[in-house]
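Accompanying notes for the structure given below.
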């Protein structure tokens, strides 16, 4: 298989299979998780402005009072790499083109130099959070294979994408194919690892906000 | 698998629901919950990371309620939960967790960790892995009626003393009263001034109220140990009493978990909504204050600060009332760092104070409170939870800090004028 | 045509030393060699003898031959024919039939082991090679025979280099590249559909000057011409970097000459020199004329997901997704139902905890 | 209709900074020429420059006193820039299309000077002409 055939495979059958597994896994896991259901809360609710699941979905993106200084690396690193990932995934023109090719939706992107800069910053932030995971006793204590694995699976698409655009290390065609392949690995992995928090984070925040909002506590 | 373990796991299977499934799938091991937990911040031991305390629950969830987990279990790749493990986890689930809920409000993915600890305790208690201290308290509450073994005659004796001291009659079993006042046995034994304070406050506000002979004890060791069956037995007495006396509102005493047990868990335990309201005494005082029914004279002049009981503030949503009340009677009221919603636990909530073997750890964790107090150097410390009060006193004594701890309700009552005529009760 | 010094041959056609120097400087520039290499070319070529070249056409369209001959003298590519002794080329030679066959065999005999073999067209292997025969012999037989005496082989065009259009899915003739048949000779691939004529000249100049093959990439292509992508050298690259793309072939972006990436340009994955050398005597090239690169110098470019699909788009429509979602719903519903029944069973089996149960 | 008539053309683009780098290279080569007598050649088309870059470079170098035109397989033009010993060389093919373009740093571009071999054959031709005349 030559580079172009490899690229054509990852853009064709490989992408099809990866997206299929991703969708299958996501639908299955969402039903598996939320199908468990929960009991209705019979206690009389206390209504307080700002205390609801929806509020918590938004509010929990901001560090609670006093927490930022407890672990600034976790917060700053986390913000930078999540926002960076979102910007790269959704605002890089070729990625928008991919979404358009898949579902027909399109929107304006960012100039590639900016995406380039964001990629470098994102990679740096991911390295920082990895080092923090190694060095900070709590994180190291909590970490298992899955934590290291999912870090790598998230890091590689950004790295290969950046290398491909910069024409570094390998010919562009090969690097682009590796980039798409690494994204496919990410897609296949996502529903079955802690990366699934990309979906469940909304459910979790909503439940937390709703349970506590019932008590009138804006968490 | 032993019979008790089997029972414990079965109970966990009963209580695992969609929120728990969502929470476990959301955790990214960021470790921020540890930074919110005083047992970690004061010891630096990563095993006290809140999410780690739920390890057995997580595995039961995965092995029972996910395809991949069931597959792993079927081929022998999953590590089953064992009795020895649950026993080992006792320290993490009870001794080092006060259900303070700080972890639940900092988790960036929104995991309600304390909700899960509460559920894990169901399985722990059903499998016989609850600490002896709380078991004893639960035993006494169910068999005698209160965790400290207080019976009705003791209450009646207390009532008599108060009636004599304050010259105000204490109603018992007064049908149709607006408020039914609950007590905690700490208040009956250690802080009798609470009952007198209630009498003065109610007289001034012109409200009808009563004690209940079949339900005077508000604390619920069944909830602390994490067993809904026992908690239901205890809460049912209060429901029966309130419904028998046809009261409009049941007032939870200055006790954090009693409030949670009655206000938020009660209806769910008995499986139907209450026919009466439940309010914490601080909420009631807050309403009286707003309605102009709480008139005080004079101010405390020494420096006072307020310790928010977790179950009242962060877990109960009563945060501003106590501050307004403090300002009415204290000229020099100062706030500790993190006070209010993010206040640090005294270290003895959620039943932890009943665990003898947890005392050393509890005192270690108290350093957090110590540093909070050192930041504002108060003359006296006010709170609204009898359990906090005991734990604070123990801690302060251990660290040789001379700061008296007082209850907010009786402190306010001290400022209510004694004249009966003006109030027209 | 006897082999003699190239410069003498050129002089005979009125080409002076200065014209030759100018030609060599331009050639070195096109090959992205240091400017000083122009002089090295000139010095070496002036002394080098003209090599014998045999050109075999197989399963092809003659487009490659057209591309080279149409750019004939007086352009520099035309000098190719002055630098070599082209002893066999079916399309160009006057001889036909048995006479032509005789010329071929004579050339082979006379220059055994020294001649350069140029092949255009793929080699069909289906039906024992019967899909393409010349003089009653299959291309496969001819190739094996002629290659045996060659010093080196130049696979001219994408068909000879990779199998070409004939190899397009489903490849009815069993077409393969020259390199799939011949394993024991040095092979230079000059892919393109057609290839850029000057690449041929450059390779020949290199062969004559330095006596060997130029540096080749992984696909056997001279790095001098195939070292960078179309995208790297494209004058529209700044628009790509700014995120300015033509969305259709007649929109404002297309008129302003914005990047054609979204219209399916394969420039980023295509290694060729079009952007710097251009076509038709440097007149223009596909992207300059408003059409994206097809990627014709890459293997299997016709099966690479469509000419008008952006590289970042799926190469073919996704097919498995509806079934995957349905399977996900079924799997999810099955496990959820199973979980709920397990939970109900646990509830049904609930024994009310008594104080005694708190003990083990 | 000719190519410029087609209303599709890329904007001439903006300055990329590459032309600036050429100026630095020219300075280095000039310095070398003064110290060792050896100049050098810069291949303009080998650099990724926009039309605006090229124009800018031409303006910076300026125009000198010498302009040499050669008709050798298409027109070639060798122009001295405003900087002595810096030459702009354009080679066109017989259609007049630009084939290659260089900046040369030399006292005299070598393409102009005659080759000894050619001088020799010229001398031979002259001698035989003289002998024919006598």
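Order as written gives the chain letters A, B, C and D; numbering starts at 1 within each chain.
To be clear about the criterion, a contact is a pair of C-beta atoms (placed from the backbone, for glycine too) under 8 Å apart; a residue touches a chain by one contact, two chains touch by 3 or more.
According to UniProt, the chain labels map to these proteins: A = Nitrate reductase; B = (Fe-S)-binding protein; C = hydrogenase (acceptor); D = Hydrogenase expression/formation protein.
Quick caveat: nothing in here was measured; it's all calculated off a predicted structure.
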Quiz item: Measuring centre to centre with C-alpha atoms, which chain is farthest from subunit D?
Solution: B
Self-check item: Geometric centre: closest chain by C-alpha means
Solution: A
Quiz prompt | Pair with more cross-chain C-beta pairs in contact, given B-C and A-B | solution = A-B
Self-check item: subunit B ((Fe-S)-binding protein)-subunit C (hydrogenase (acceptor)) separation of Cα centroids, rounded to whole Å
Solution: 77
Practice problem: Could you put a whole-Å number on the gap between the CA centroids of subunit A (Nitrate reductase) and subunit B ((Fe-S)-binding protein)? | Solution: 38
Quiz item: Using mean CA coordinates as chain centres, what's the subunit B ((Fe-S)-binding protein)-subunit D distance in Å?
Solution: 91
Quiz item: Taking each chain's centre as the mean position of its Cα atoms, how many Å separate subunit C (hydrogenase (acceptor)) from subunit D?
Solution: 33
Practice problem: Could you check subunit B ((Fe-S)-binding protein) for residues that touch two or more other chains and list them? | Solution: 16, 65-67
Quiz item: For subunit A (Nitrate reductase), what residues touch not just one other chain but two or more?
Solution: 28-29, 32, 35-37
Exercise. Kindly provide every pair of chains that touch.
Key: A-B, A-C, B-C, C-D
Self-check item: In the complex, subunit D residues that touch subunit C (hydrogenase (acceptor))
Solution: 3, 7-11, 13-14, 16, 40-43, 45-46, 48, 50, 70, 72-74, 76, 91, 93-95, 97-100, 102, 110-111, 115, 117-118
Quiz item: In the complex formed with subunit D, which residues of subunit C (hydrogenase (acceptor)) make contact?
Solution: 15-19, 21-23, 25-26, 28-30, 32, 35-36, 38-39, 74-76, 233, 235-239, 254-257, 276, 281-284, 288-290
Exercise. In the complex, go through subunit A (Nitrate reductase) and note every residue touching subunit B ((Fe-S)-binding protein).
Key: 28-29, 32-39, 41-44, 46, 48, 51, 56-57, 60-61, 63-67, 70-71, 74, 78, 136-143, 147, 192, 194, 196-197, 200-201, 203-209, 211-212, 214-217, 219
Quiz item: Which of the residues in subunit A (Nitrate reductase) end up touching subunit C (hydrogenase (acceptor)) in this complex?
Solution: 2-5, 7-8, 11-13, 15-17, 19-21, 23-32, 35-37, 93-95, 97-98, 100-102, 109-113, 167, 171-173, 176
Quiz item: Given the complex with subunit B ((Fe-S)-binding protein), which residues does subunit C (hydrogenase (acceptor)) contribute to the contact?
Solution: 331, 335, 339, 342-343, 346-347, 349-355, 357-360
